[in-house]
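Below: the structure, in structure tokens.
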Amino acid sequence: MHGYTANKDDYLKRLRRVEGQVRGIAKMVDEDKYCIDILTQVSAATKALQSVALGLLGDHLACCVVDAARAGGPEANEKITEATDAIARLVRS
Amino acid sequence: MHGYTANKDDYLKRLRRVEGQVRGIAKMVDEDKYCIDILTQVSAATKALQSVALGLLGDHLACCVVDAARAGGPEANEKITEATDAIARLVRS
Amino acid sequence: MHGYTANKDDYLKRLRRVEGQVRGIAKMVDEDKYCIDILTQVSAATKALQSVALGLLGDHLACCVVDAARAGGPEANEKITEATDAIARLVRS
Amino acid sequence: MHGYTANKDDYLKRLRRVEGQVRGIAKMVDEDKYCIDILTQVSAATKALQSVALGLLGDHLACCVVDAARAGGPEANEKITEATDAIARLVRS
């Protein structure tokens, strides 16, 4: 059981769509489509991936981090540090 | 008392530095410096601001969110939603 | 012929790799892997997509925009505006 | 003369506003305002800085890069590489 388990089907559907977007971008490159049109699709796929990440992160905070905070002890601090590092990677990617 | 209170002096010092960076960028524009050199300074100031934001967010999770999680009730969920929204604004800015 | 034509095989290889990364992320969700590990993979895929976008944009500037600038006329301005808009979408995604 | 010279006053005005925003954020920290409200202001200042950067970059492409492309020779390639590197720093910041 994870924070995202309740929304698993939704995440899987969104990820399959991103996979299709990336395959579509490769097809555009292969068929020599116009660079700017390809870039528009890359921006859309990046935004979709980021949106999945924000969803997973929200579910993680709402579930795993809250549980750890309630349990207390050093594990609570570890979970917070771990989540903060993941947020930093996301902001910088 | 907030999550960042213990590090307040450090944040103030970093923000004064960013303020100086932005003033320096305005001076570069005023003195007709080369565009690319100005852009390099804008990227540096943006990175410094983001780093302050990530620090504040980590302190907030470690303190306010953990406290709310322990107290439980609807306020815990509200704090998580609020933090998640702030993270989304940060990732998209 | 586009700016990226000379590097087409390289872009196709990188995009296939991103496609595989996204499929791997879906598999991790399906197999209930730990949220933070999934987020690490999402950040990596986002970075890889952005790097493809920056490559395509550089090739576009070096080729199509330079050609338009040399040809002159209103088309040169249009190409610059179009490229600037694509950069803005990229920075904001 | 640079690409941004015609819009210099506008950039100076926007940068003074960002400087004021950053000073306001320091004041909020100093007065122990709520973390999430501070983060909202940091996101706004970051967005404002990015918007200045995108403007400067567009002016740079429209002017210096176009001029270099017309002049031709190795300098044209150098200008394109330099602009592409600046865009990469912006996207990653």
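Letters A, B, C and D name the chains as they come in the text, with residue numbers starting at 1 for each one.
In the analysis below, a residue touches a chain if its C-beta (ideal position, glycine included) is under 8 Å from a C-beta of that chain, and two chains touch if they have at least 3 such contacts.
Here the structure is a predicted model, which is why all the values come from computation and not from measurement.
K.L.:
Which of B-D, C-D or A-C has the same interface as A-B, meaning more than half of the contact pairs match by residue number?
P.N.:
Duplicate interface of A-B: C-D.
K.L.:
Averaging only over C-alpha atoms, locate the centres of chain A and chain C and give their separation in whole Å.
P.N.:
18
K.L.:
Report the inter-centroid distance (CA atoms only) between chain A and chain D in whole Å.
P.N.:
Taking the average C-alpha coordinate of chain A and of chain D, the gap between them is 28 Å.
K.L.:
Express in whole angstrom the distance between the two chain centres, defined as the mean CA positions of chain C and chain D.
P.N.:
Computed value for the inter-centroid distance: 21 Å.
K.L.:
In chain D, what residues contact two or more other chains?
P.N.:
Residues 50, 53, 57, 83, 90, 92 of chain D each touch two or more of the other chains.
K.L.:
Could you draw the chains as nodes, link the ones that touch, and say if you get a line, ring, star, complete or other?
P.N.:
Contact pattern: a closed ring, each chain touching exactly two others.
K.L.:
Mind pulling up the chain D residues that touch chain B in the complex?
P.N.:
Contact set of chain D toward chain B: 1-5, 8, 11-12, 15-16, 18-19, 22-23, 25-26, 29-30, 32, 34-36, 38-40, 42-47, 49-50, 52-53, 56-57, 59-60, 64, 82-83, 86, 89-90, 93.
K.L.:
With touch defined as at the start, can you tell me which chain B residues reach chain A in the complex?
P.N.:
50, 53-54, 57-58, 61-62, 65-66, 69-70, 72, 76-77, 80-81, 83-84, 87-88, 90-92
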